[in-house]
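Remarks on the structure that follows.
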Amino acid sequence: MSATKLAPRDQGAPDYTACLHPAMAKNYGKWVEHERIRPGVLVYTAESGDKLYTVRAGSPRTMSPTTIRKICDIADRFCDGFLRFSMRTNVEFSLTRQEDIEPLMEAIKTELGFPIGGTGASISNIAHTQGWLHCNLPATDAAGAVKAMMDDLIDEFENENFPNRVKISTSCCQINCGRHSDIAIIVQHHHAPRINHNNMQICELPKVVAICPVAAIRPSVVDGNQTVEVVDEKCMYCGACHGQCPSMEIRDADTDTLSIWVGGKGANTRSGPSLMKLAVWGLPNNPPRWPEVSDAVRTILDAYREGGKDWERVGEWIERIGWQRFFEKTGFAFTKYHIEDGPNAMWTYNRSTHVRI
Amino acid sequence: MSATKLAPRDQGAPDYTACLHPAMAKNYGKWVEHERIRPGVLVYTAESGDKLYTVRAGSPRTMSPTTIRKICDIADRFCDGFLRFSMRTNVEFSLTRQEDIEPLMEAIKTELGFPIGGTGASISNIAHTQGWLHCNLPATDAAGAVKAMMDDLIDEFENENFPNRVKISTSCCQINCGRHSDIAIIVQHHHAPRINHNNMQICELPKVVAICPVAAIRPSVVDGNQTVEVVDEKCMYCGACHGQCPSMEIRDADTDTLSIWVGGKGANTRSGPSLMKLAVWGLPNNPPRWPEVSDAVRTILDAYREGGKDWERVGEWIERIGWQRFFEKTGFAFTKYHIEDGPNAMWTYNRSTHVRI
Amino acid sequence: MAKKKDDKGTNNPGLNTPLLDELEAGPWPSFVSDLKQWSKTKPQVAQLLNQLEESYENRWNYWTGTVLNVSGYGGGVIARLSDKADKYPDLAEFHTIRIIPPPGFVYSTERLRNLADICEKHGAGILQLHGLTGDALALGFDNEGTFAAAEDLMANGWDLGGSGAALRSLQCCVGQARCEMACFDTMKTSRFLTNHYIDFLHRPEFMYKFKIKISGCANDCANAMIGSDMPIIGTWRGPMQIDHEKVAEYIEEKGVEHVIDNVITRCPTHCISLKGKELVIDDENCVRCMHCINVMHKALKPGKDQGVTICLGAKRTLKIGDTMSSVIVPFLKLETDEDFENLTDLIDRMWEFWNDNGMDHERIGEFIARVGLGTFLEGCGIEPDPRMVQSTRTSPYINFEELAPGDFEGEQTQQPKVWNREPESRESSS
Amino acid sequence: MAKKKDDKGTNNPGLNTPLLDELEAGPWPSFVSDLKQWSKTKPQVAQLLNQLEESYENRWNYWTGTVLNVSGYGGGVIARLSDKADKYPDLAEFHTIRIIPPPGFVYSTERLRNLADICEKHGAGILQLHGLTGDALALGFDNEGTFAAAEDLMANGWDLGGSGAALRSLQCCVGQARCEMACFDTMKTSRFLTNHYIDFLHRPEFMYKFKIKISGCANDCANAMIGSDMPIIGTWRGPMQIDHEKVAEYIEEKGVEHVIDNVITRCPTHCISLKGKELVIDDENCVRCMHCINVMHKALKPGKDQGVTICLGAKRTLKIGDTMSSVIVPFLKLETDEDFENLTDLIDRMWEFWNDNGMDHERIGEFIARVGLGTFLEGCGIEPDPRMVQSTRTSPYINFEELAPGDFEGEQTQQPKVWNREPESRESSS
């Protein structure tokens, strides 16, 4: 590369105005109404009376240039050469000619093999993380579990049969890049990190000691090497040290398990944002299709569909019926591990006599 | 006393059945209905059809035998020789003859000088603590402030003009034996404890060091005496050490101030119990009548009466209208001191975009 | 040095209380007026008022605490010495005796007069009915007077209340004696627990104080939820009682809007709906908060199958900040002897675990905050129940004992990855 | 050692992925099928799939992180080295480039093809649209390929995204481009802030990462509240817009019960009431949660005087547990240049205080949790506002600077009480 002239730096975000469908550009800030024609298809009406149809298609997020080009081909044919991706890695094709909706949907299905849906009270695409494909920390894969789950849930993507939108995410380690969701799958470790003392980076030592939230790591010397040791009794297996220093290995293929969390919500609607909470733990890390995870998610979804009132998100439904009923209706066990510990624990206890009996 | 034969020990609680008004004894567990005839007077109806009238009179809690005997005289005349005290130190006269209600009320007013009321959506008697009359820790008096406040609020005791019951309490130190209430008055200190090094009890040393919530106290030696010292920057002026050891003096007549807290609630009604929160700070400790306190309490009460919906307790009203409106409507200033600090602070922040604009 | 009772009031300086006198004006009954009057009978009360006047003037307190015990008891007396004993000799010892009142604060005038008589006889005779924990407080005894009063009280069927690191005197609402909301017998429960545990009440041997308060229903008139380590609160299971005729009458009288605004929208779980003139309650989701019953108390009542919910942990703010009570037993019947045994069995186990593992001055709520509710339940042999929590945990870091490596068959196969490369930090050339 | 691009796929072992093949079945589009197909064009992708197959088999990961920087940039590349480089030489260096997408993820096919072309040319060509922070992710570049791709991208108008202790690529919802709920121009704001702060995005010099996400309204489709250090959320002041005719139509169509159950009872502040066929909103108490507007979106709309609410502090759980965003600016107009200056001025002050006083790896939410919101506000020169808190403090222990002794006139008059008696511990005799 040494001969190459450097390209311009620090250009920032591309000019979006050049990327807007003409109807979007024209009616920017002047939309007045939307309606769902059918699952996966919305129509937006502008002050001008213009109508913009949008067809939402589920993507696997990770795509080859071939697939990207197929998407572009379709957008060129039906959407004046524009398209967008949604916050949940769906592809959105917008068009102004109503009569093109059917042919467009046909093209999406046959040429891309992407399902159409993810709108309204459906299950949209599952947010997921890098997993074994690219991250250095994962204890499981995320894309594989998502593919398996979505195979199972495809009807729920293509229809709008829930009390409200259902957002699902999976993460491949406890760091949880997948964020809080109505339903989230994450990993748990079950013993303290093992240390590769031969390989400890001196430069990392102070950082790795500092990052432990419970001060379980202390400097030590093994075989004359500066290294660290972990106080087993204190360690809560969080893996923060592992992220800081790869010689602290937190993962264990034999003992790592998956767990499912429910009720995370970012929307400020009604009760506002809320963190997700533990529903089921101890599911096996079972590639390639993690059937136990799909089953448990399905169990939660069925109970939610049956018990939720319109507009209640998963967490709001559980809040209303109470956790006791949640466990009754899903059949999962409530254990002492479901009870929060740590500094904020008291705030999660039932500080009233409000109980369902 | 050495000659006295010891009386029987460990007898426990007196037999309440011998202390029940006959109508209470007869209809124990068989009451079906109550109604407020007028403020201060209730009628209870039993399955048997029996009716029991109850007149509630405000007492100053601290009473001489003379006053006690006057109470007994009235109860003998109208109540078959029985009476009770309520949870808020009111005296309750129960009777079965409706025609005796007026004469009873007359007797209470003229012979005892006690007001009648405290029922329903009124302000009942103010719960208070020992103060300078008997405790070893107080920075202010409680009974005096209560007397002054109740003089001001007597109409509110005798009528039921609020959205819901109003419970007020005062405490004479930050320990706050007065408990959480709709409105509570407590004391604040403003500098670290001063230490009487000559008088430090060695036996107390480990205890006083241990009790400091922020580890601000450490052992030290002054003039050859084992004593302690306080790290000023750490101290939060809580006074825990003062309760443990009188040689740690937290009070300061010149700088101690009073503050008013709102929204405490023990009832499980609706939203359930809640802790009280800071409304106003920095009121002067101003005996004998603490007029600034009465004024501030009145301001809160007026705003609550005007803005609260039926059945909303003070805290529920504030929750609904939001703290911003509370400060607007009362005219009190919101300051950085109103923002919680310490470990649970984050839980009190507004973790949504819910704002009134 | 204790003085003879007869000495009291010798050289009494006379009342001089200009500030306190300002508390005589106004319509609310004045404790100052009452005590001034009383000081004519009990001269030491004049000294008390004079000292209080100085407190008002200087905004300063003149009492010092000490310890005084009646033979066989480790608590019940709050002993105070005046810092101004030179000036007010009768305040040199000026103690309060805590006396267990009849549960629910019910009195016959005979009993109440008896109390006043004894307190007058042996001390200053000032009574406070009642202290915030629920004792009858009698103020103003010197050491000898305290001992004499205690004997006299006990000879008359009274007993001392709690103080220090002990079970405290219990408090309960009037309950079934006069209230149709009461879901169980609060007075009986209060007396039963007091007497069953009287040893723990009188001889402090806990980690720290323990308060029990008892309310007949969730309205919690006994201030149990915020004022006690262990609130016992009446409740029911199954549907509440609805008198549909009275519901219709109520709606007729007050109008639909009133019912929506005051009942329907106020239910914490939104489990009530209005179908014409009928209230329909989704009983599965009623959390027994009492609100709708309070509003429509002639039409609605607690259900028939009654019992209690037991909570744990409230205290005020010292050290770790306020703790609130949280559910420990969602529902317990409290009628038969066996039911009461279940209750004491539970309390025994909780006390044992707390006292075996707690720290000095650590209330049970602080103890639970420190060790965690999960550990506490396990220590007491109580099954975890989702009703104990408002929500399950948010923190993903869990110490799963069941899944510790030892419980897995065979050896750990995966060793730490050998990370044997120097970390590279590169920049594109030029 | 970097290899020449031409080498890729030499001695490619061929695909052997029985487990991954199971992810080809089923109706959902399969990334495995796509990549298998693509491996015919890019042989290194076959190695990638084979290594992934081993991960699936052994439940183990084979990537190690490292650092690689494009000239002039301190981030934007997530560099990975395979632990199985011996077996899969083309994975020896296999980096991801984070690329700033057009705000709102809008693309012309021209731009998207351009992106795909460049990525194919210099690396494995795998794209993820988009990463959870909001970057366009391009996977599979070796060191040289990374540098070449970066130059090519930049020559074509793209720029690198954020990584490390830097401002991260911003993310915003589609907003005014297609949504009638949008209360401000999310795309413009996103681009403006990206470009204004591009230096902080490209050259990590913060305490730790800082994410900004932007949603046009409180529905928060951009996941700002739980996924960013600083959510910027559209809102309005004054009354919302109501089309009373459409309200009546809606009630007609759906019935009163439906409206009560889905609108009236769901309002968090109970500020909506139904008077016949009219909705009455107590605008003072509307907290702009969007719920009623979502349900009756043809009849109700955000008010006309629009702006943003700014929050601060969300991050996931590492170290101190999850933090959530809380309000820092209740309302800010965001239309004129001056408005935008107000915004950057605010951000500048917050960043300065955080970076001057924060600790290593401390996100701004953790920083606030440590120093307290009061201190933070003061440090940034922001006025405290009650809308920043859900409730005022419960802890009575306050360090009042204003009332420190120095601020009082004169000397402290009261010295500690002289407690010069031995504590007495007495028992009644016998």
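First chain written, first letter: the chains are A, B, C and D, and each begins at residue 1.
Convention: a residue touches a chain if its C-beta (ideal position, glycine included) is under 8 Å from a C-beta of that chain, and two chains touch if they have at least 3 such contacts.
Since we're looking at a predicted model, the values are computed, not measured.
Among the other chains, the CA centroid farthest from that of chain A is the one of B. Compared on C-beta pairs in contact, A-D and B-D come out with A-D as the pair having more. Chain B and chain C, compared by their mean Cα positions, are separated by 13 Å. Averaged C-alpha coordinates give centres for chain A and chain C that are 46 Å from one another.
Looking at chain B, residues 1, 4, 6, 174, 176, 238, 246, 251, 253, 268, 272-273, 275, 342-344, 351-354 sit in touch with two or more other chains.
The set of chain D residues touching two or more other chains comprises 60, 64, 71, 147, 150-151, 218, 220, 225, 233, 261, 268, 270, 288-289, 317, 321-322, 324-325, 394-397, 414, 417-419, 423, 428-430. Within the complex, the chain A residues that touch chain D are 1, 4, 6-16, 18-21, 24, 28-29, 31-34, 44, 52, 54, 58-69, 71-73, 75-76, 81-87, 89, 94, 112-115, 127, 129, 132-141, 143-144, 147-148, 150-152, 154, 174-180, 207, 210-211, 213, 238, 240, 243, 246, 251, 253, 256, 264-273, 275, 285, 287-289, 309-311, 342-344.
Those residues of chain B whose C-beta lies close enough to touch chain A in the complex are 268, 272-273, 343-344, 347, 351-354. Interface residues of chain C facing chain A in the complex, by the touch rule stated above, are 218, 220, 225, 231, 233, 235-238, 268-270, 284-289, 309, 311, 313, 323-327, 330-331, 368-369, 372-375, 377-378, 384-400, 402-405, 408, 410, 412-420, 423, 428-430.
Touching chain D in their complex are the following residues of chain B: 1-2, 4, 6, 174, 176, 186, 188, 190-191, 193-196, 199, 201, 236-238, 246-249, 251-255, 257, 259, 261, 263, 275-279, 281-282, 318-327, 334-342, 345-346, 348-357. On chain D, the positions that touch chain C within their shared complex are 60, 64, 66-71, 79, 81, 83, 143, 146-147, 150-151, 257, 260-261, 264-265, 270, 273, 317, 321-322, 394-397, 414, 417-419, 421, 423-430.
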